[in-house]
Structure formats: C-alpha cells, structure tokens
Amino acid sequence: MNEHSAGTSSPDQATAPDTEHRRELLRTMVLIRRFEETCAELYSAARIRGFVHLCVGEEAVAAGVMAALGPDDAVLSTYREHGHALARGLTLNSLMAEMFGKQTGCSGGRGGSMHLFDKSHRFVGGNAIVAAGLPLAVGLALADKLQNRDRVTVCFFGEGAAAEGEFHEALNLAALWRLPVLFCCENNLYAMGTSIAKEHAASDLALRAESYGLSAWPVDGMDVLAVERSAVRAVEAIRGGGGPHFLELRTFRFRAHSMYDPDRYREKVEIEQWKERDPIDALVKTMKAAGQIDDAGLAAMRSEVADAVAAAVDTAEQAPFEPVENLTRFVTSEAGTGEDRP
Amino acid sequence: MNEHSAGTSSPDQATAPDTEHRRELLRTMVLIRRFEETCAELYSAARIRGFVHLCVGEEAVAAGVMAALGPDDAVLSTYREHGHALARGLTLNSLMAEMFGKQTGCSGGRGGSMHLFDKSHRFVGGNAIVAAGLPLAVGLALADKLQNRDRVTVCFFGEGAAAEGEFHEALNLAALWRLPVLFCCENNLYAMGTSIAKEHAASDLALRAESYGLSAWPVDGMDVLAVERSAVRAVEAIRGGGGPHFLELRTFRFRAHSMYDPDRYREKVEIEQWKERDPIDALVKTMKAAGQIDDAGLAAMRSEVADAVAAAVDTAEQAPFEPVENLTRFVTSEAGTGEDRP
Amino acid sequence: MNDTLVETTYREALRAAIRQAMLEDERVYLMGEDVGDYGGCFAVSLGLLEEFGPERIRDTPLSESAFVGAGIGSAIGGMRPIVEIMTVNFSLLALDQIMNTAASLLHMSGGQFNVPLVIRMTTGGGRQLAAQHSHSLEGWYAHIPGLRILAPATLEDARGMLLTALKDPDPVLIFEHGSLYNMKGVLAADAGAVDIDRAVVRREGTDVTLITYGGTLGTTLEAADLLAADGISAEVIDLRTLRPLDDETFIGSVRRTHRAVVVDEGWRSGSLSAEISARIMEQALYDLDAPVERVCSAEVPLPYPKHLEDAALPQSATIAEAARRTMSPEQG
Amino acid sequence: MNDTLVETTYREALRAAIRQAMLEDERVYLMGEDVGDYGGCFAVSLGLLEEFGPERIRDTPLSESAFVGAGIGSAIGGMRPIVEIMTVNFSLLALDQIMNTAASLLHMSGGQFNVPLVIRMTTGGGRQLAAQHSHSLEGWYAHIPGLRILAPATLEDARGMLLTALKDPDPVLIFEHGSLYNMKGVLAADAGAVDIDRAVVRREGTDVTLITYGGTLGTTLEAADLLAADGISAEVIDLRTLRPLDDETFIGSVRRTHRAVVVDEGWRSGSLSAEISARIMEQALYDLDAPVERVCSAEVPLPYPKHLEDAALPQSATIAEAARRTMSPEQG
C-alpha cells in the first residue's frame, strides 16, 4: 500500500493548482453544507419528515470523488446521500423538492431523503438498507463489462456496512470477475452509536479490502484535494483494466447520525477535534495561501449559495404533490417506461 | 503463520506414538469409509433416499479433530456429516437408522442424511444450508462464555461456505468477542462443481481468516496425525483464552458431491492423484513402519467393522417408522421437552 | 393484586419488561445493533447498558444474519436471548436463520433441540420512513410453522408479552409497531406477564366484528366510535397472537354479529387478513349475513409523502365504510 | 403454426427456453451457483456453458444475496439476467435484495429504475429432501408488490413462460417444482412464448372447481379422475401466475360450479389458498353452495421419511375427499 501513501499527503503537494477547479470544489462543499443545514432547520420546523441523515463534515469525500467521474459513470449511495447527490450534479431544486415529497422531486417525491435517484446522472440512488448497494454496484459494473462499455461504477458505504455479509460477498465477486467498481468506504468511525472498535475485530478496512485482492488504500477524507487525487488515480487504474479498487476515506460526521439521534455515544471533545479539521476551512486555507480566494470572494460564494438554497426551498414549497389517485403508480412499469411485453 | 507450520509436518515428527490411540484413529476412519460405502450401495438400491453426501477421502479430518475434543465440547457440521457424527461417537445404529428414516434414528428419522443430531454428544447437527452453522457456533460459544463454562465449539464447513456472507459476519463476531470457537474449514477444492479458483478471488483461506484477527493455519487434511496435532494445539489455545482459531484442512472428496452428481467437472487424474494420498492407507503405512499394525490386524479390523455396519443395516431395516399420527410432533415443544410456560 | 396505577408509555413498558426479565433470570440478555451505547434505535433499551453492562446489553456489528444465528446458538446453549432487529425490513437479512434454523431445528432434530429465543423488531408505517423502513410483515411471518408471532397493541401487552415469551421453549417473534412507542397511558404498578395464546375483545358490540391487531387497533377503535355515532355497534377484537391464531375468539364473535371486517396493515394479497377470512369461510359461513371485508394496506412499497402514505394505510374512515357495507350488502 | 410434435421433458423445455432467449437477445445471460461447469444442480443448463461460454453462463460463488443483487444491478445496467437460485429455501438469503430492492426500486425512484430481472428457482417437496430443501414458498412470495410470480406446471409453460418473463420490464420470479423436471410429454416443435397473465382451465367440469398451480396440478387432475369415477364432474384450474392473480378465471368457474377446493402445497396458514378463498368470499359468496375447502401442506418443516412426507403433502385422495365434502356440506 505504500506507493499509495501520497493519497494521504498534504494539499501543498497538489500538482498544478487550478483556481477555477478549486473554486468549484469549494462551492460544492459549501453548497452541501448549506443544503444540509437548511434541511436541519426545515426538519426541526417539521416541514420535512422521515429519517434525515446529514453528512456535515464529510463534504470533501463527495466533492473529491465526484470530481474524478465522467457523466457515463454510475454512482450508488446510502441514506446519507445529500452530499453525493449534489456533488454528482443533481439539481438543487429537484433535491429540495424531494425532501418535501413533491412531484418535482428527483424521485417524484416518493423517496424522500433516503431515496434520491436521478437516471439522467446515473445516480442509482440512496439506499436505506446498509450494504445493499454493494451487490448492485457489482451488477452495474458487470453490465458494463458484458457490454464492453468503458464505465466505472462508484459505490459509497460506511465502515459499519463493511461488517455486513454483503460487503464480503460483493468484494469477492468484484475481485473475482475484475469488475470496474470503485468502492468508497466512508470511515467516519461510528455506525450510529457503534464505534469501529465494537464493529470490527480487524479495523484496518483498506487492509481488509486488500485481502480480497483489490487495490485499496486509506485517504484523508477531510482533504478534498487528497480525496480527488486518490479517486482520479483509482478511476484511471480501473479504466486501464486494473480491476476493482477500494478507498477508505477517513472522515467524521460533525452532527448526529440522524435527526432522531441525541448523540450520546461520542465525547464532545472528539467532535471538537474533528471540527478543527473542517474540510471547507481546510480548502479555504489552502486556497488563501495560494491566493486563489479571499474573504470577500468567500463571502460572495456563501451568499450566492445561500440564496440558491433559499430559492430552492421556496420553489419546493410551491411545487405540487403527486395526486393521491397516483398512489399505486410505479409499482410495476407502465407502457412507455422500461420495456414492455408485446 | 510460520510458527504453526509444524501443523503440516510429516507424521514421523509425531510425539510418542501410542499404538492404541492410532488403532482407534484408524478404526474410526475405516468405519467412516465402510459406513459411507454401504450408504452408497443402499442408495443405489433405493433403500435410502434424499440427498446423500459422502466424505470418502476426508476421513482424517473428522477423526483427527474429534480426537482433540472432550465430551462437553459442541460440534456443528454440514450435510456432509456422516464422518463427523461417527468420529464424534454417535452410535452406528442410530446413524444407520436415521439414513432409513426410522424412529430409532439419531434424529428420530425426521432428519435423514443431512440432519444428523445427538444432544447427548452435543452434536448440534448436520445443516443443509451452506454456512448457516457458523453463526450457531458463535452463539453456542457465547453461551459458554456468558456462563463461564470451559467448553469449545467446533464448526465444520467447506471452502465454498467461506464465500457466504455469514462466514464474514460470524468470523468477525467470534474474533470481536474472543469466543471459544474452532472453525474447521474443510478445503476439498470444490464446492459442488465450482473450483476454489472460481469461488474465491483470494483463495488462501487461512490467510483470509487471519485477516479477521483469528489464529489460523493450514493443515494437511490427509494426515490424521497432523490434523490431530493441529486440533489439539488449537483447542488448548482456545481453552487457554486464546480466542477463536481457524484450521484450513486441505483435503479432497474421492467421490462425487452427492449421489446425484455425475462429477463432470473434475479431471479423473486429479482424483487419482489425491487417491494416492488416501488417509487410511497413509496411517496404515505409518503404523506398519512403527510396527503398530500388520496385514492380519488390518484385515481383522476391516472385517469387524464390516460386520458392525452390516448388523446396523439389519437393525435399521427392522426398526419401526414413526407413526403417521405423529407427523406434526416437534413443530413446537411438548410438555417435558425444553422448558414450558407455566 | 395491587391496583395503584402508574403513568407510562409503550416504550417504557417494553423497557420495564426487559429489565424485569434480566433481573429475574441471569440467562436473559439483550443483543442487537445499538442496544447499548446508543440506547436502542427507538430508545427502548435506554439506560440498560449502565445497569447491566456490555455482556448482557450486547451491541452487535451490522450483521443481522450472524447475530440472529448467534441468538439461536446461545439459546441452544442455555441462554435466553432477546434479539433486537431494528426494523422489520432488515429482518429479511436474517430470514434464513429464522426459517431454516430457528423454526425448523426442533423438528429436524426429532425433538432434541428446542430454541428458546425471543426476537423483537419494529414494524409498520405511518412515520414517513418510505419503502425500506415501513412495512408490516408480521402477518407474513405468521405463515412459518415453529414460530410464535406476537403483536402487542396495548401497554399491558408491551409490558407483559415479553415475559411470557421468554418462558416459551420455542422461538417467539414480537413485532412492535413504530407508531406505538410514544403511546401514553396508565398501567397497574404490578403489571407483569400476560397470556400469549388468546385474542381478546377490546370493545364489545353486536352488529359487526372488527378483527385487527398491533398498530391498527387504535384506528379500528376509532372506526368503532364512528360507527357508534351511526348507531352501529361494532365489536373490536385484538388478535394479539398472530401465530397460532385463536380462532375461537373471532369465530365466536362473528357467530354473534354475523358480519366481519378484518383490518390488517399488511399488503392485502396474501396478508393475514386473507387467512382470517378463509377461516371464517370454513368455520362460520352459514352465520354470515355479508361477505367478510378486508381493509389492508395498498399494494405499494410505502411512499414518503404523508398524503400518499395515509392513502396507503388503513384509516378509521375506510374501516367504518367497510363495516357499513357489511350492514347492507348488495346481494351478488 | 407448425403442428409437428416433439418428445421432451420439463427440464429440456426449460433449457430450450433459456437457449432460445440467449440466441435471440445478447443481453440475456444465466447466472447462479453451478449453472456452468456442473451443468446446473438439476441439470437444467447442461451443455449451455459449452455453447455460450463462461461470460453468459456464469458460475457464481456461494453468495445468494450478492449474485441476486448483482442480477438486479446488471438489469438496471441494460442486461436481461436470468438468475438461478438452486432451491427456494436458499432464496431466503437473498430476500432482502428481492423485496427491499428489486420489488421497490421502481417505486422508490419515482418510475426511473425498472428492474427487468428473471429469477428461477426450484421449489416444493416430494423428494425426501427434508426440512431445508423442500418448502413451497411461491405463494408466500406472491405477497410482495412489484414482483410477478410464475409457476409453470406444464411443458408448454416450462418452454414458454421464461421467454415472456424476459420481456417483462419488472422482476419476475419463476418457481420450478422439483418433482416436475423429469416429467415427459410432447410439445409443438415450434412452441414458444406463452401468456403470463391468465389462469387456464386444464379440465372442464360442472360440479366443483379445483384451483391449483405448479407441482400439485398433476395430483389435482388425478383427484378429478377419482371424482369422475364417483360421477362428480370437477373443473381444474391452473393459476399459472400467482401474482397478479387472475380472479376472473377462477371466480367465473366458481360462479358456474358453486363449489371450490383450493389445492396449495404451501403451509396452510397464510398460504395463497387463503387469498383465493378470501377473494371468492368477496366476489362470489352468494354463488357458493358450500364453504371453499383448502387442501394444503401440513404445517410442519417437511420430514425426511417418505410416509411422513406423503402425509404432509396434498394427495389426490385428500383432494377428492375435500371435493366430496363440498358436494354435501353439513350446514354449519
């Protein structure tokens, strides 16, 4: 794994800093943060419901990995997928409308926070069954291989998911069949209230993944540039026929598991220490040092994003609900959707 | 793993060869072989039915591991469990009667070949769901730990089972909770018709097991003395608080997967080569060299065993069937069995 | 018996039952995801880790199949496990262990290995949790021989069913409807174990029998109020135990009222309501003045928005309507 | 249409269907344990590896959940997978993927991701395979919205259902009864795709309707012969598609005969037979001259010995008896 250790190297080793690109990464993270903080407010105000899981603190993972993908690649995520969806380019309006359960939502309102889908972005969704996305990713990659398509399928999941049997079965299949899958394990050290030490007897997840014959390495998930570098390297290797890869993205959620969670199981100090490594602040620091942004520019970006999110909320609130008569639509395909029997 | 490599060392390194003990190991293997060859004949004659899986060629694993256990230890097996049951000491009559589905069978006739059980020997059964026994073993060991009982639970399964999610989940639990389980993986290179190379991306199973934090090593499964030595060492380590252990027992089934299987997927030469390592012949050779048995003694043993098996067949045939009125017995417990609600 | 009453909730009643069981029997322990440090995903076990420690309030990794299997193994090994599965949808990951092992072991072994295991899980919709957290599969589980299926719908049953289940020599599944955890009410200070064999009449009536269980008991009682306002006297039966079914109680009631509506939050086709209707057909056909009606969930993976979820689930108005239909059936 | 007939078996008909589908559509592939080198655990795919190679006749490791999930993923990715699960009991390991993903994805995604997946598996008893290889869960699967459930009981359906299922945009589960693989018969040389929406009348009759599917069709036809000998004319209906159910066909028949017996190899409580009985209750109560009878499997994990297994499964004599009871019901 050593040749990969650059994956955890510090930002200033980044090659040819590109101001525009870094501003995009920054904006993506700022947008995710603002979107989710707005969701938290809306949830507290009971304007959105269900289970809502925020990725505040983990934005660098979403922004960095998506920057390495092309439009034909596929992405599978979890119930903690707002960040992945925004970074993948799903529209703010379609996502906010989905939080409100509106017809204009990315899943027509039927999914809600845990089930964001968008076929046009090959975003194969949130998934509220832990680890269930891994076999789907294997299948999407198999379909690409069987159809000789040069595509990569990226699958996000947490370190807790790695304890599920499907993790084992899916990694074995992907490695056995050398499928173009990038497994992105977001190791935020907790699975709800269960710490990684209580979840895994052997908690070096990159090492675990390597034991299946995948190329795997750990990445500083708080450093968006490091994440992007590793993702680019992995995706290139996969496209080059290098088989499935696995990134252990070391990160932390600053907020509770879900809006239900009183967060009793973590020491405040642990959270505070991680907050000092806020991925947004970190990139801002790097960009300031490189003269790529200043306070005014940052303030402008934040207010532009705030306005966009606020506008999305208004639009979502005004959007129509699916008529009740349509309740049983999409249980099976309708003429026109999918492929029909003659 | 190197300090364990004695586990694959040659018999002559065996410490203090004990004639009586070796004769017992030999008789156990001869008995298993004869029992199963009789089952094959009975099956072909349609006198026993269902799925029947023979372990001919793998007798050293059953005989060697069981020799390391005490009466309070528990054993879980698979659908290929005749050898484990006989080596564990279940009576020949109760096993043969079970093959015939008779009331006097070890499972009262309801189980058949794939479901041999005997509470008095803590033989927690055959199991016809691949890998399903591993979590049960974890639970039995947990019960011993919670009740401060100095017992070991041994769980047999094949290399194919190691691809199932339950293998992953169960090894993690056992290692995480440091439970007294001995995992015995019978690596006979095939899972039905699927070779290990098509089953596992990384096929060094002892190494896979070690990656969970278990002590694990490979063993020559055709050498009953090597198997016993490794089992003894592992069981001692477990009793000493060393946590779960894993043995990869390298063996081969000389016959097809089941009586249904035409065995199209293996080269005859591969089978022939393994037959040259017949575990019974190997032990006989060692014992002859050590003057512990001669042809006359061997012939006597074989005929004594043949008579015992033949007698068990007669007894089984004469035994009664469970009356049809009892069909729905044992779906739930009856007063007396188990513990009852007041 | 002491008749002082205490204010409590369904959640607290469940917790009190777990606590009592653990105090009374050293073999009892609770195992599942986040039952310890987190306090239980629905806070049922909150505080028990501090009282009983991590060996008996055992957090597990995300491995439904393995920890359910381990629960079975430990039950065979002499323990009395309470295994918690967070939500019924996740129990599908453990269904092999539940059906192929827990429910079958006693029979396969010719009566040698019974499995005194209790599995608790949350079931049901109504909280906008969408298609992977909202289903009602308890009636579906009731198809499996070898299992006992319980659906506590009241504080008494939340407090008492677990204690009796833990004395059962065979596997018992307890389904806790997610919308009941916050249900408040009063309970006898000395409330304890309850019968888990019989259905009970929760409201007496003479015109029509409303048969239900679990999360829809409240809705069905509301429907009975609506009907009373129209002068229709509805008897409400809480099945309580979904397997084995207590035919006597609901058949007896139908014999008196000559009409029945089965209310079941499961998807209609192949739900428990079908079994109830079929048993009425078999045992009381000639007592019927109208076809047995069924009010079930729409056959759709539950959608997220409230208006669609409400439309998918049994509501008091639709139950009352069905009951009215039985009062004036159009002869086929 | 060409009316030359060929001798074949149920197994060969299935194989011919897979082969035709693979020849006609490059997106079709077969995946499962031992479908390749071994030739299929029941020899259905024997020879196909040699013809189509290991990419399209894909052996999988023992990982039911992952290869079913991979089948779903590849269907979304544009392939038309046929996933084989050896035996229905093992499908429980993949049930999470089947219910929580395959059956729900289209709805959760608001109609964006349909899952054109076909899963084939062996079901049923009668071969002395005991409690972990013998169950009949197809009726239980029929509870799940979003799935189509097929039970081919004839050579025509073994030959034709798969082809139509592969054209379905949504997940289809095909249950092949293990005792049918060796069934011999003749089939039109040009037999091909068949309808998968309707039940069919396999034998016409006027006195009583026998409703069944899959492995018990033969037994039920035998029962009809027994009844004919007593002068009772039984109509035999093969449901064919267990979800969605074709009410029209069996309700129409019951309206004519006024009597019905449902024969279902599933465990009685909560079996598909209950749903059929409930639908007759709802749609044809006033046409009935007797309670609908059900002949199902005993509620026991199937035991190994033949005499006990036979006693547990529906037999022609018990079916005929049930039919006779409907001819002279004791008014309750």
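Each chain gets a letter, A, B, C and D, in the order it is written, and its residues are counted from 1.
FYI, a contact is a pair of C-beta atoms (placed from the backbone, for glycine too) under 8 Å apart; a residue touches a chain by one contact, two chains touch by 3 or more.
All of these numbers come straight from a predicted model, not from anything done at the bench.
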Farthest-lying chain, centroid of Cα atoms versus that of subunit A: B
Pair joined by more contacting C-beta pairs (A-D or A-C): A-D
Euclidean distance of C-alpha centroids - subunit A vs subunit D, Å: 41
Separation of subunit C from subunit D, taking each centre as the mean of its C-alpha atoms, in whole Å: 30
Centroid distance [mean C-alpha coordinates] between subunit D and subunit B, Å: 37
Residues within subunit A bordering two or more other chains: 109-111, 115, 127, 129, 163-166, 169, 172, 176, 198-200, 331
Residue list for subunit C, restricted to those that touch at least two other chains: 61, 63, 65-66, 89-90, 93, 96, 100, 107-108, 130-132, 145-146, 299-301, 303
Residue ranges of subunit A touching subunit C (in the complex, touch as defined): 49-51, 101-102, 109-112, 114-115, 127-131, 160-161, 163-165, 191-195, 198-200, 261, 264-265, 321-322, 324, 327-328, 331
Residues of subunit C defined as touching subunit D within the complex: 65, 89-90, 92-93, 95-96, 99-100, 103-104, 107-108, 130-132, 139-140, 142-146, 243, 245, 266-267, 269-275, 277-278, 280-288, 291-294, 299-301, 303, 331-332
Complex contacts: residues of subunit D adjacent to subunit B: 33-34, 36-39, 41, 59, 61-66, 89-90, 93, 127-133, 298-301, 303-308, 311-312
Subunit C to subunit B touching residues, read off their complex: 27, 29, 55-56, 60-61, 63, 65-79, 81, 96-97, 100-101, 105-114, 116, 145-146, 148, 164, 167-170, 196
Complex contact set, residues of subunit A against subunit D: 74, 105-111, 115, 117-119, 124-125, 127, 129, 132, 134-144, 146-147, 165-166, 169-170, 172-173, 176, 329-334, 337-342
